[in-house]
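Presented sequentially are two complexes of chain A, the first with chain B as partner and the second with chain C.
Showing the complex of A and B:
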């Protein structure tokens, strides 16, 4: 087995481990396999990232069918970076999942949980690694369908409703996407992204291309929960089991955003996106609306999980805002925030999931006195929350710095005001937790800190939020290179 | 030995100390010894750095590159040296005082208190040592965060709302205005390094310079230039040692220090002197000086009066720097120091009165000079120093600021300074008069002096106020390096 097969191993290992788990029918074995498969994927992703740093692009022809006829997996620094995020979050969350699943999922379904988890992981990794727009759809469906199941495993009955809502909206999103793929295939006769990018310029003003752009933008925005298409996200994240919320919040929307960025810059290109259509202006307005409106809703929320979910919608606005600025610093901000926000939200949902188990819910009044009862968890929530605000020394600051810089370069001073206002709102919603946890007397007695199995992964993720705020050579190095790559493609 | 290593050492000692303090909550005596040991160690480090800086050396220490071209780094220059000295000299003194206060008042959560206190010193030193705006910004925000638990020490409704104001204003200004100021500096000049003579060379329009200055002055909310001052009186709900060290010395001085540093090393005194677009700053600070003094005059709560006096005195520093003459810049630097020792003495006295007599209002202080002679003597000396009466410390800095104003022909500024001196006298002297010459209200509450550690601390700080002249030669050598020739 040699290194050249890494791109496919990354996807195949979790994909094959999933049915294996079903054969074993044991929660414990399922958990071990899930952790192992995630780790193998992470190792593959790191191996790929090391190879593609510095501009190399790895192309892998599935089944030796040469592209553009066969399916091509194509790894450059942008998707290698996303692969590390997805498999990294999966690895840490899968360790955390053991305790979370035991407490939240009926024991006869444990093995199914892990099987679904791995299917979802391989779907997300496949979407990221493939260079084929139809293959993206296939993996999108794999990750979505398994995602609906994972959410429906939540303890409350509301989880079923949330999963159903997500299923309807997610299916609409995927359908829109595949309609777009159809149109593109109609006019270009190819499904391969690189091939398509070469052919599309000749037919750029044909109506099907415009229709494809519209359908794909809406479809992917639905999956990425871009405001105002975010309705499914808060109920899905707040009712799903803790491990699922952490995994999805850290990865699912990020991968859809990655695909969106890739198509925008890698397929449709300069003329359509940057010159002819007011797409970026619209995106910029929606992003700012997301940053302000969703943050405002988060400030009003009484349930910490829903608060964090709305915060996710706002933070996704940061990412798309960076995309809409479409300059070097803006795209750097967008790409680096995929990672920075992914780890912060994964950490937060793991911590809140633990707190909800111990305290029996995560409404703010239930979390009263958490600072005394669960000091380490509460402290980590504050630290990861600071990253959401963008306090210097945390990963969120790196994003904010580049966003403000990009807006200054573009001369968009109102955008800077919006960024400032949004971070103030972020401070307000994070501080609602601080006041609940530290300023109110505990309601529960004898509550203790969660077990090491849940706490350790969450603490590691929290430390990562600080680490990547100080040592940015990996994250920022990759993001800058990716931004250059994207801008180079549209020049 | 490379002297530069003393800087990261001085910053990390309080951090380690804070961790030890937090773990030693079952052994208060050992815990307090740890506080003292770390304070002494920090003082030693900072003092050992002094000769190098006096000789014109600029020790430098780079931690890592935060973003390309934006390192986290320390570089010590005279202003930072001065500020580091202020913080490290007054830390052991106020530790001594805190021990007396916290035990005398049976305050809860003393370990958390001392740990956060030490962390605040670490952040203050980080600000003092910063080589560039980004490092300064990092420690500035951290300082806000670690002092928040101190402000809200009592965890009741009052401290919760005070904490909201504190954090709302300090983080609200820094996360929006200051961040944009730092990014704009980087965007316009391609550097955030503190450079003698400033970094704004050439191409930048005058209006942009004025706007940038506004972003910095109002973005640095800790400098409490009106209208960003409301957090300071709110923070007075904290235990008095916090008000003394942090809200008279470390935090607020971090604010004005940053403003002075930005004016001297980012804008450059010569670069912006005479620009019409920066002319508003003396006016807004002059207004702050007078308005805050008037509010102080009308406050019956002693700590509130001192808080507004602090707001007024902070704007002295900013005003002095904004006058943009060599003498006034020296005056600004000196005033950071002289106001620190004077105001900490006053807060020490206020806390001593609260501990011994449980009195917080000015109107309750009739005749207290007879029951607490030492405390009121210290209070008197601190107040006279702030009014500017020689040989007390406050005289020297005020002298330089006024000389600077005269040198620049800023007669309005001079007028503001004189008015404020009168107002200072008007809000301090009645307290002193009442304490010594009015008869105590009946029924008399029988109490004596404050606990010995508090008296010791007050004695030390009063001595610094009185014997300031002995150090003035050294300080002038240091501050002269701030200005060309």
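Showing the complex of A and C:
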């Protein structure tokens, strides 16, 4: 009986647990509820994924109002895959958060942290599961507003400025998105994505549709930190509490990218996007610029958190590059990299967050000799770093391989050169950590490995980076099916 | 292409003016409060963008009645009610952050705050 309500339970459980935590006013109860609610969401996401494998689509009418009039939650293999990523990262990070929050957030605010964490989670899940463009905006703002608060909880005063900067840029992004929704509603008279896709082809030449595409692309690119609209990301990730950086790096930008992919292929469709406009060419250029410029900045960064943040901007470039190639392999690479990069960055930010607490910072000089003092953490950072480079045997390789295949199929040899160059730059910035951690004399004495509560979730995430590089039946299977679905919609 | 006369569709011109003015204030002003005011104006322009096309001249509220045949579309109004709530929450959170910034940096001018932020990063360099 309850199985049919999975799409809504997924969102409602964390949404209701959040105010419950505020009522309890206890950090410990808040933590338990946050872990529990994240796990329930993960269970719902897995339940949905099992049902939609093989092409089934689940449609859920909120409040029993039939779509397209009511809000519809619609789950297919693409968003079920993203749901598993978001709720999976949330589950593991919420376990990690206990120690991170105790060390980084004043004790009277612990329960508020968990309430915000769950609101952010339910916002991200809602954005992914809903099939209503206005509902996406509402969930986008729920996740963004709670995200600004989470970042502002960082220990240093710089976190406040980072949160404010993100609030301004994030709100401009969300408002651009909603302007696009307004134009689409004016010409199609509907907010339901599937319904809109059917109506938009008849009015595809109208200028409001083109304006909507432009506004939505810019708005979502801001939220997804697509180069050159990434200005908010490095300072936000590097000053936020460790658990927040890990959670947001693994999920927030990925969900915005998912919405972008969904709208591009699910609404604007074949003629408009793939043939009439040079949007994909522009996206391809920006992606390559992101892969090269952001990697180059990462190589020169002195602070490991900022280094990883710039690496995120570069890795987002891989995802959008896959989208811009718009063939089977390209979209497979884009979708699978949402997942592969999400888990690698979540693992890295958890590990670096723990190291920063032990060593009192995460500048590369401070991390000197970490390989001796904190062997397991340092080793895991290297493994997850290898996934960023795309070394065979890690999840990152699967993406790179399909990107190269896609570029070869499209005959874009220069793109392949750019992918290679970007991988070399990634190797250079990961090497900078290796050099500091293993080939520099330790500065700190008597420093010990971080506690099990922080280490275990990070190790699990690192193992996942390797596991999904070896056994790709889940990730690649889902991504292939999703790519077929997206391309089938635009034919 | 025919350019719309100013008198027709004048709500669109007001929308565009508010949109651009708001965005300009956000970008050009260094004062954080003024930035938020600009952001609020920018968001308000979107309310107008939605609500104006929903109204049909001579249309009434959509209550089925034999007397009326022309109805205004109520959906944009409902959507914008939600957007207004979101806008207020954003503004409130933004102002709360400005209060905290004022307490920690003793300034609400972005260029001064930025100098202090870079100073914090530099002093970390010194420690290292």
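In the analysis below, the second predicted complex is superposed on the first by the 490 of 491 C-alpha atoms of A that agree within 3 Å, B and C clash if a C-alpha of one lies under 4 Å from a C-alpha of the other, contacts with A are read in each partner's own complex, and residues count from 1 in each chain.
Going forward, a contact is a pair of C-beta atoms (placed from the backbone, for glycine too) under 8 Å apart; a residue touches a chain by one contact, two chains touch by 3 or more.
Predicted model only: the values in this text are computed from it and were never measured.
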item	value
First, second, both or neither for A:380, with chain B first and chain C second	neither
Which of chain B and chain C A:431 touches, first, second, both or neither	first
Which of chain B and chain C A:164 touches, first, second, both or neither	second
Touched partner set for A:9, first chain B, second chain C, both or neither	neither
First, second, both or neither for A:416, with chain B first and chain C second	first
Touching partner for A:71 - first (chain B), second (chain C), both, neither	neither
Partner chain in contact with A:34 - chain B first, chain C second, else both or neither	neither
In the complex, chain A residues that touch chain C	134, 137-138, 141, 145, 148-149, 152, 156-158, 160-161, 163-164, 167-168, 171-172, 175, 178-179, 182, 185-186, 302, 361, 363, 365-366
Chain B - residues contacting chain A, complex	64-68, 72, 134, 137-138, 141-142, 145, 152, 155, 160, 164, 167-168, 171-172, 175-177, 179-180, 183-184, 186-187
Chain A-facing residues of chain C, complex	19, 23, 26, 32, 35, 39, 42-43, 46, 49-50, 53, 76, 79, 82-83, 86, 89-90, 93-94, 97-98, 100-101, 104-105, 113-114, 116-117, 120-121, 124-125, 127-128
Chain B partner contacts - residues on chain A that touch it in the complex	386, 389-393, 398, 400-401, 404-405, 408-409, 416, 420-421, 423-424, 427, 431, 435, 438-439, 470-473, 476, 480
